[in-house]
Each structure stands twice: as C-alpha cells, then as structure tokens.
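There are structures below to look over.
After this come two complexes, each holding chain A, first together with chain B and then together with chain C.
Now for the complex of A and B:
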C-alpha cells in the first residue's frame, strides 16, 4: 500500500512538474505589462521623484482648498505632455530646465510664499507637460501607448495625492504655535530641493 | 571493504574542481563603484561626512544656531544648504576662490570659538559669517565632485547629508537650555576650535 502511494505521488509530482507553465508573477510579459511600464517609468527617474515631491509639498503646504485641483491637473498634464511631447520635440528638454523647475519650486517652498490656485495649477501643468514629454522616451515601437499613458497618469495621480495628503497631515496648521516647527521643516525641505536643483544646474552647465 | 574511500591527499584533490569552478564563476567586485545613481547618492552623502574639517564646521553651525535661538535656529537649516549649493556651483564651474583650504580651516576655528564663547552676534552679522564659510565649504565639495557620479543623485546625497549634520548640531545644541548642558556645548566648541587650529596649521604648512 505504502509503495503504491509512493508511486502515485511520484506520478502526480511528475505530472505537475511537466504541466507547469512559466510563472507570470511579474506580468510585464503579459499584455498589461505596458501599464506597469508606464507607472514605473517615472518612479525610476530621480528627476521625476524630486519634482513631483516638490510639487506635492508645495500644494500640501498651501492647503487642501488650493492643492486639490492638482489631483486632476497633474495626471492630465502628464497625458498631454506624453502625446504632444514627441510632436514638438519637447523630450529633448535638458537637465538645466529640470534644475530650474527644482530651484523655482524649492524657493517657493522655502520662502513660504502663498500663491493662488491659478498660479499653482499653471506651475503644475507646465511641470506635467515637460515630465510627460520626457517620459515619452520610455515608449518603444511595440509599446501599447494607451496602457503606458494610463500607467503614467495613475502614477502621477497617486504620487501627488499621497504627497499632498502626507504634507497636510504633517503640517497641521490649525494645531497652534506648538506645531510651528512642522511648517519650518517643510520650508527646510524646500531649501534642500532648491539646493539640489542649483547643484544639478551647475553640473549640467559645467558638463 | 573501505579501499574505495579516498585517502586524505585524494580528498583534497577532489575539491580542486569545485574550487576552480567557484573561482571562475566569480564576478568583479564593485564594492567601490561610484557610477550611476547609486554611486552618486553614496558619494554625495559620504562627501560631507568623510572630511573632518567640513563635519565639525557643519555641526558647529547647528550648535551656534541653537545657542542664538529664534530666528537663527530655523533660518539656518533653510538658508545654509542654498548658500552652500551656490558655492558648490562655483566650484563645479571652476570659479576660483582665494585660499579655500585656509578659510575652511578658519571656519572650524571661528565657529568653534563663537560656540565656546557663547557669542551673541546680531542675526544679520551671524548670517554673513556663516554664509561666507558656507560658500567656501560648498566650493570645496564642488571641485572634488567625482566625474563618474550622477550629478542629480550626488546633489541629493550631498544636500541631505549636510542638512542632517546641521540637524545633529541643532539637536545637540538644545542641551544649552540647561546650565550644565550649556557648559557641555561650550566644551564642544573648545574642541572644535582646537581642531580648527590643527587644520589651519596643517593647511598653512601645506601651502609652503
């Protein structure tokens, strides 16, 4: 009996092993892979990470009423940049332009300047158009553009929403003077971002 | 019965193919690889931490800010990285500054001395002193930028490390709220000034 069970088990294991197909745990090889390629493409670039974080910090520090428009403006701007960028050749915008955006956003944050909703949306739209155009470089000849664009827009939406929400939750402007240091910490982050942009611009000009 | 078991020299010989296989399968060690984004981050982050003259000056700036209190304690971490990055850009672009090593050594001496003396300069004067030293420190970092490093990630690592050093100084400086803690901070100032003296003598000796 025991020997019979052993044989059956061996046959079952052999059948399972021969019937096993490739694991699609990372479905980059499947059709939806282009969605993930679009979502991950900006997250693998420090320029996107720094700029999106800076924008989220700025919008979050200005308050929910002004920042909430960016939940729509950034993803739509990324989509527009992705499709219009290759037409106008905007993907060739160099690191000096990105460094300039970092310095601008960082100085706005560091100085604690209170800007209105319209200028904030204009800044976000400009940044999104440029970064969308730069991310168009990730589209290959066999890439499904629609899926890639959907992934990029979702990544932009998630990144800006989370950064703004975290900044708002951290800042707690209504909690009184005991939390004033939180606003200073956010402004210090702005100064760091501006300093990073300044150094990057210097390196770009020198090379 | 046991004649087939290899003797000791044979057992050792039997391991030779395994050793050869292990040696041929090994890849190049990249423990000190400073290329690309990780290399830039690592070299940028370590740059301010590995030079003792820079490190003590950054901590001294934080200590002095904490001694001076508001607004210096919060203006400092906001403005210092910017001024230092400006100096870094000057260094990268090859703009020369007079006697950078001497001024950097002098910065440790002066900043250590003002912390030790608990000197309360007007805020504008303190900002000018710290800003001037920040330009020289940034310049030194900019000129020593590794060419293979990713510029953006180097900048991120460099600015974050500098900011953390200031925060360290400010955190230690909060000890000055108590009389005994204040004495400890002043003692640290004396130690930093002594190190500054050493760096100054070393840099003047190197100039000869």
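Now for the complex of A and C:
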C-alpha cells in the first residue's frame, strides 16, 4: 500500500511538473507591462525554476572563482536563446530534453565533481540558450520583445546571482571539517534534482 | 585605452537606446466611463476618455437587475448596486475609471484593473467595512503598480543606494525620501500645491541626472552633496517625486470623503513596492560581494554613466515636450 501510494505520489508530482509548461504570464503583462511579463514568465514554468536553481547550486558549490562568470553568461545566453531559438526551432525541444538537463545537472551536483570554469560556462550557455528559446513562447503578437527580453535577462541574472551567493554562504568552504555536512546537504539536493528529472523524463516518455 | 573608450561608448549607446523605449513610467492606458443618473434608477453612460481598444470593444457587464444598452442603463427601484465587470482589459488598456454621478449626493469613482476586473457599487450610504476593504485593495495595488512601473523613481532610488551603499545611513536616506514624497503627495492630492505635470517630469529626470553626477564625484574621491547629506538630498528630491505620484491620483476623480483613505492606501502601496526594490538591490549587492563579482577598476563609473545617460535622455525628451507645449 505504501509502495502504491509512493508511486501514485511520484506520478502526480511528475504530472504536475510536466503540466506546468503551458501557463503564461499575460495577466502580469496586462497589469505591469512586458518587462515584468518577461521577468515573471519563468516562474510560470517549473522547469525553469528547477534548472536555474540546479545550475546556481552547482556553480555556488564549485566556488566563487568558477561561478562568478555565470552572472553574465546566463542572462546573455537567455537573450541569445530568446531571439535565435525560434529561428532554429530550439523551442520545440521537448520535456525529455529538459528532464535530461535536470538529470545531468543533478548528477554533477550529487557526485561533487570539480568542473572548470570553461565547461561550467558551456553548460550554463547551453541551458540558457534552450530555456531562452522556450521562454520565447511567452511573446505574443502585441508584446514588446525588447522589454520582454530585458525582463527575462534581469530575472536570469538575479536568480543565478542570488542562488550562487546563497549556496556559497551556506557551504562555507573555509570553515573547516565541522561544516562538511553542508556540502553533503547540497549534494543531496543534487540527487533530488536528478530524481525529479528522472520522474519527468519517465512521465514524458510514457505519455 | 582606445578599446576601453570604444566599449564605454558602446555600452552607453546600448543603455540609452535600450532602456527608455518602453519604460515610460506614466503612460497608463486608462479609459474613463461616466454613468449619470437622469431619473431614479435610470442612467446615461458616456466614455469621457476613450479607451485604447475603442469603447465598442469593451466587455462591460452590469448588475443582473440592470439593463444596459449604451448609452442607457436602467436599474429600476433597486438602483445601481452590485458588481460591474470589465473582463477584457488587456495589454492595450490597463485600467478603467468608473464614475457614478447620482441624482443626489456626491459622485463616486471606482477603478477597474486587469488584476481586479470587478468592482462592487456600494450605493449612496455611509462607507461600510466592505467599502474600506475595497478601497484598500484597489489603492494599495495601484500604488505598487505605480512604483514598479515608475522606472524614473526606481532609478533615483537605485542611485541613492549606489552612493550610500547600506547600513543606517541608507535606512535614514530611504526614510527621508519616503517622508519627502509622502508630504508632497498629500499636499498635492489635497490641492495645497500644484505644479504642471510636464515640467515636473523634466525635474524628476533631472534629479536622476544629479544623482548620476554625484556617483561619478564619489568614485573620483570628491565629496559630493549626496555623499555628505544623503538624507537632505533624498528628502528634497522626494518632495519632487511625491508630486509626480500625486499626478497618478489626480485623474481618478475620487470622492472627497474617501480621498484621505485612498491617499493612505496608495502611499502604502508605493512603500511596499519601493521596499521590495530596495531589498532586491541590497540582496544583489551582497551576492556580488560574496561572489567577488565586482566591476573592474576601469568600469567602476559605468553604472553612474548608464544612470546619468538614461536620465538625460528622459530629461531632453521631457524638456522638448515642455517647450513644445509652451
């Protein structure tokens, strides 16, 4: 019974995660304008939240020297993805690809593998290009593209900067062995993110 | 050196061409609909300010006992009491001001927005708890909207934070700005002072240019007025910005007896929005310090030049409007 309940809960969570995609921020656009529509559009899609958080956790856990470049790379990648993605049809990347990115980031975080600055930037750029292209769906015929793009880039910049800094502050790598559990906690988050990705991928393949 | 100058010029060009396009703070697309009672229970409707999408396209729904066929609305003996809805407020129209002018008593105004597309018409009696709750909901939200869409006000606050950075000095500075704009907002709303909107908007832009210049001075090691007396500058320019806030309320034609409460709720909304912005900026400054992601020495003046350039762009544009109107 407990196993059945667990499976049902997993399916329900996976369904919720996958179904979060089509929501949009047009109410925000009408009320606060296209800048805020762009800034808040990622909040309407759980995939953005999980992927951005995973990237921030990964970069923050690697340290300030590796992570700080993402302050620029993620927003610029989102902008590039937003404008170039629809041209190349990158927005059509399905939930399986997003789930794959979640699994990949989650495993990197859980394994605690040290990644250099250049590969980290390449991962961030790839993710930003894809998510920028996906967020282009929020642009309607009457949307001011420039304002929407500025809002999205600002949201990406604020989210990645704050997540990395909070992770770094939580991890306290200089504090010695007494804080080792903090690193384990962050790696545990990685395993949860990978699990969410697996559930989403499984649900997407099954449906 | 040439490359740096080239990059600086490119960034300034980017800033001036990018930001001012859509971030016009007070270009709200407002429609104003007036219902005047001509005999008991019978009203004549008229759009005194045509909405951007055209009055014929507005999906207006009145209480069930009322029969609407513009321009006439018949509500019978029960009168105009109950919900009025506009469900298709969208990107081209952010709000509709509804004015009810009864045969006897004061006229009443309600604001319908996309977030709150339904208003309850409360009748001509004394204000009830429901009246106050609706007033609070409408005007707190209107205040938040106004400050969050007011890129000029936010840029001024950003400039102050950039100069003062944090701690008690920043708390005092932001408090002074709040006191300044609250005082002038109240004075302007009650008609004690009145300044034409166009020159005022030019002055607001100029206040941001001033802050930009003060940042440059500070970075060069000079002690500017804002660095020495930030609270005085914030309070002084707060007075100017407050009159700007009042202009947002001026067109709403509020009932006189509800004006103090509406003003209070509007100001509360402005403060909530301003506080959220200050907290976000401080959090980002903290995050940058933590990540050691700071601007290189040659780029320390970029934010000041960006703020100043955008504000100067606004100032010139607004000055042209002032001179054009003269």
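One rule holds in what follows: the second predicted complex is superposed on the first by the 175 of 207 C-alpha atoms of A that agree within 3 Å, B and C clash if a C-alpha of one lies under 4 Å from a C-alpha of the other, contacts with A are read in each partner's own complex, and residues count from 1 in each chain.
To be clear about the criterion, a residue touches a chain if its C-beta (ideal position, glycine included) is under 8 Å from a C-beta of that chain, and two chains touch if they have at least 3 such contacts.
Since the model is a prediction, treat every value here as computed from it, not as a measurement.
Undergrad: Output check: A:101 vs chain B and chain C. Expected answer is one of first, second, both, neither. What do you get?
TA: Neither: A:101 stays clear of chain B and chain C.
Undergrad: Would you sort A:36 into first (chain B), second (chain C), both or neither based on which partner it touches?
TA: The answer is second: A:36 touches chain C but not chain B.
Undergrad: Counting only touches as set out at the top, which of chain B and chain C does A:206 meet: first, second, both, neither?
TA: In the superposed model, A:206 contacts chain B only, not chain C.
Undergrad: Please work out whether A:134 is in contact with chain B alone, chain C alone, both, or neither, and reply first, second, both or neither.
TA: neither
Undergrad: In the overlay, answer first, second, both or neither for which of chain B and chain C A:76 touches.
TA: neither
Undergrad: After lining up the shared chain so the two structures overlap, which partner does A:68 touch, if you call chain B first and chain C second: first, second, both or neither?
TA: In the superposed model, A:68 contacts chain C only, not chain B.
Undergrad: Considering only touches as defined above, state whether A:169 meets chain B (first), chain C (second), both or neither.
TA: Only chain C; A:169 stays clear of chain B.
Undergrad: Looking at the overlay, does A:158 come into contact with chain B only (first), chain C only (second), both, or neither?
TA: Second partner only, chain C.
Undergrad: Touching A:188, do we find chain B (first), chain C (second), both, or neither?
TA: After superposition on chain A, A:188 lies in contact with chain B alone.
Undergrad: Quick one: in the complex, what on chain C touches chain A?
TA: Residues 18-19, 21-23, 89-92, 94, 113-115, 145, 148-149, 280, 283-284, 286-288, 290-293 of chain C touch chain A in their complex.
Undergrad: Where on chain A does chain B make contact in their complex?
TA: My answer: residues 46-47, 50, 95, 110, 181, 184, 187-188, 190-192, 194-207.
Undergrad: Considering only the defined contacts, which chain A positions touch chain C in the complex?
TA: Listed in rising order, the residues of chain A that touch chain C are 26-27, 29-36, 64-65, 67-68, 71, 140, 142-144, 146-147, 150, 158, 161-162, 164-166, 168-169.
Undergrad: Hey, which residues of chain B end up touching chain A in the complex?
TA: Where chain B meets chain A, its residues are 37, 74, 77-79, 81-82, 84-86, 88-90, 92-94, 142, 145, 150-156, 158-160, 163.
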